[in-house]
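Look at the two complexes coming up: chain A is in both, with chain B in one and chain C in the other.
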Partner chain A sequence: MANDILELSGVHAYYGDSHVLHGINFGLRKGSLLGLLGRNGAGKTTCMSTIMGFLNPKQGSIVLEGERIGGAKPETIARKGICLVPQGRRIFRSLTVKENLQVAERRVPDTPGAWTLARVFEIFPRLKERQSQFAGSLSGGEQQMLAIGRALMGNPRVLLMDEPSEGLAPQIVADVGRIIAMLKAEGLSIILVEQNIKMTLNLADDIVIINTGQVVFSGPAAQAAADHSLISHHLGVF
Partner chain B sequence: MNRNAILALLGVVLLGFVPFVMDDFFINLTSQILCYALFAVSLNLIVGYGGMTSLGHAAYFGIAAYGVTWLHTVAGWGQLSSAIGAVAVATFTAAVFGVLALRASGLSFLMITLALGQIVWGVAYRWVGLTQGDNGMRFPVRPEPLGFNINGATSFYYFSLIVFVVSVYIIWRVVQSPFGAGLRGTKDQPRRMRMLGHNVWMIRWVAFIMSGFWAAIAGLLFVYYQKFVSPYTVSLQQSAEVLLMTILGGAGTLTGPMVGAVIVTLVKNVASSYVERWNALLGLIFVLAVVFMPTGLVPGFRKLWKRRTAPPPASTPALTAKPSTEHAS
Partner chain C sequence: MQFWLIQTLNSIAFGGLLFLLSSGFSLIFGLMRMPNLAHGAFFMLGAYFGATFMNWGINFWIAALMAGLVVGGLGIVLERGLLRKLAGNAQGQVLVTLGVSFIIADVCLMVWTGDPVPVPAPQWARAPTFFIGYAFPTYRLVVLGVAVVAAVLLYILMERTRLGAMIRAGVDDMEMARGVGIRVSLLFMMVFLLGAALAGLGGTIGGPIMQAYPGLDQDMLPLALVVVILGGVGSLLGAFVGSFAVGFIYNFGTALFPDFAYVILFLPMVAVLVLMPQGLFAGARQ
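Entry: the complex of A and B
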């Protein structure tokens, strides 16, 4: 669609001979949050890896604001402004909190509201307190904040978040939800991959459900939330 | 000024007093330690911070030593231009070898660096017309930096100390810079670094070249100290020894390789006077260090120190509340 910042059209991806994504189609509207749902092994993380360039799509196209990025190197895609909060956080344990953020910095001159170290510390004061500490010594919740802060330091045009609530205590999950809502309110375009269906349905504008590497639903979040049979059929729970 | 800066300053001041309390033999030995410590710190850039274990690092050390000797004694260049030329050749070699070695990682990287190091050793040993083969080459006279004569043990020691301190300070600044953080990041999680927009190969290559450059500076110090260079300088044993220094002291720490250089050089030069099989002694020290302090002596002792000085743990609160007795009756 015309106002899509990121568009996947007929994307097929393989792990070796194993066909994982079967013609994925969806678009992320600029400034919106798209929730990508699916059971374990449905292809959500593969979808993220393909967008980030870790997996080359064999067919189909991935377009970022009119520019085809499918098949480009991960570092090229990252420099174009697609940033990922990876599953399992994957922070640099041997670097300090501050170094973790600095190493991800992508300066965008003359951009009002650009993400800087000071701004990340503003929304995550806990990280500021622990800036000289090695990241490996942070708690799970703090590591997740750091992973989000690190992605923001790349000044993303599109933010991909792969299961940011995984393994966190309910209180921390609520904090993560609030942060995602705040980023969305700032106008950031976000794709949120989650197992936490309720949180995703609450936060998302649009929902895409993937099952065995195929899109089985794509539409407004309200429509997905209202269709209990859809959710229970493809995700197993509600 | 933080605690580490005060300790570093104290260390430099103490080193400054060495000539006042030691005889010429030990002053020369300390000069040798400074040279090997710089060599080990240079290797630590790629091994400790970049996660690239090399067994060919003596190549850059030796090329600089051979280079300055050849340019000065055969080509007739001046001292300064020979030194600059030799460091340039060694750094260029590191750049070329880096391109070849960085095609692989892990064990394959190690084997490629070993093979490249052996090529350099082969040239030094076999190309007699260029290097005088096994006879080695003599470096006739030390330079006179800024007009100072450094032929004596004490004056050469201070020269080595200045070169060592300045070099280590620059290396420390590099490690603390965003580039250094990026290098450590590539060791930690190269895939994530790519995801953040970094060219991991380029970071590793630049680190490899820097490492070669500082090894070349150490090679200059070595040939000025020994006034002689032979194929042993570029041998596998030399590469293995500097790797041993780095790992023994603690790769990934600034002071670890220096501690390793002190131990290995002392065992080689002092303990060897009393112990015939000093190689076995060195091996024993390494095995004990690996068994009891696998991350190296400096991180190992740091951990022990922290454990001894850490405050006793606060009493752990009960996971469940004690049943109240107030309303028992």
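Entry: the complex of A and C
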């Protein structure tokens, strides 16, 4: 659609010979949060990897505001402003906290409210306190904050978050939820992959559910939340 | 006493030389996930080029820098011209570097013949230095000095600049480094330039001690491998400590048990491989 900032159409992706994404279609509306749900192994991370260019789509198109990015190199895609908070955090362990943020910096001159080191430290004071420590020595929650901060340093036009609450204590999951809500309120366009269905339904404007590499639901979050059979059938909960 | 002192100094100087060789080898290995088997040939080329430049009447230090630049340029050609085309095929890349090392060795044989080519030390460093009543070979002290300067500069580059942080990010998690916008192909080229240039520089600096001769490449490459296995792939500190460790083991090994020098050298390597496959310094930072 015209107001979609990111659009996937008919995307197929493979790991070697193994066919994982079977024609994925969905669009992310500008300034909205899209919750991407699905069981373990459904293909959510593969979807993120394909958008990010870690994996080449064998078929289909990925379009960022009218520009085809499918099949481009990850560094090219990142420099266009698609920023990933990866599953498992994947911070650079042997870099300091500050270096982790600096290497990901993408300057956007003359943009009010652009993300800088100072602004990231403002919302994550813990990271500021620990800026000279090696990232590998941080706790799980701090590493997750660093992964989010690192993505923000790229001044995202689209922010991809792959299970940011995974493996964190409930208190920290709540912090992560608040931060995502704040980023959304700032007008960021976000795709949020989560196993935490309740949090996702609360935060999301739209929901896409995938099952074995295919989109089985795509619609407003309110509609998904109301449809218990949909959720129990495809996500196996409730 | 003289024997031990001199052997110690020789070990340290040889360790310094090994650092010039293996720091680049280790960085390339860490970032590109492959041993550059032409690295010993780069070192040998550096020795030959240095000797030739000095033959033309060029000052020792300028000759060493020129050798570094020429070999660094060759490193870029190898990376851009061949390895780049084989991206994702590590086995193919390793075989290509092995092939290139054979080609370089043959070309050296054609150009510089089979006779060893002496590489003169700077005039002022030829007379021994007297200190606390002992005579020390001055040039070995010079080699040590060069290695320390190189180590400090490399440390600053790797640990205190954004470029160094990007290289380390690539060593940590290549895919994620690309995912935050780091242009790894540019990093590959720079690391290859740097590593090859250091090897070339090291070749000239090592020349007065080792001479330039056919087979120098194959004598040096295994030592770089041992250093990296001891110190861990892609770790500057590991390369530094590993170089001096190997310098001592190799030097005292050849001096005391000439028949067993390689056993003494490779035994610790095998032990490390079995007991600490990530190298002695893996995880030192965590």
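Convention: the second predicted complex is superposed on the first by the 238 of 238 C-alpha atoms of A that agree within 3 Å, B and C clash if a C-alpha of one lies under 4 Å from a C-alpha of the other, contacts with A are read in each partner's own complex, and residues count from 1 in each chain.
Convention: a contact is a pair of C-beta atoms (placed from the backbone, for glycine too) under 8 Å apart; a residue touches a chain by one contact, two chains touch by 3 or more.
This structure is a prediction, so every number in the text was calculated from the model and none was measured.
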>> Following the superposition defined at the top, how do chain B and chain C come out on chain A, clash or fit?
In response: clash
> A:137 contacts which: chain B (first), chain C (second), both, neither?
Replying inline: second
> Which holds for A:94: it touches chain B only (first), chain C only (second), both, or neither?
Replying inline: both
>> Is A:14 touching anything from chain B or chain C once the two structures are fitted on A? First, second, both or neither.
In response: neither
> Does chain C touch more residues of chain A than chain B does, or is it the other way round?
Replying inline: C
> Considering 1-9, 235-243 or 307-315, which region of chain B has C-alpha atoms that clash with chain C after the structures are aligned on chain A?
Replying inline: 235-243
> For chain A, which residues lie in the overlap of the chain B contacts and the chain C contacts?
Replying inline: 52, 54, 73-75, 78-79, 83-84, 86, 90, 92-95, 99, 102-104, 106, 150, 154
>> Can you tell me which positions in chain A touch chain B when the two form their complex?
In response: 52, 54, 73-75, 78-79, 83-84, 86, 90, 92-95, 99, 102-106, 150, 154
>> Can you tell me which positions in chain B touch chain A when the two form their complex?
In response: 178, 181-182, 184-185, 187-189, 191-200, 252
> How about chain A: which of its residues touch chain C in the complex?
Replying inline: 52-54, 73-75, 78-79, 83-84, 86, 90, 92-95, 99-100, 102-104, 106, 134, 136-137, 150-151, 153-154
>> Looking at the complex, which residues from chain C come into contact with chain A?
In response: 162, 165-166, 168-169, 171-173, 175-184, 285-286
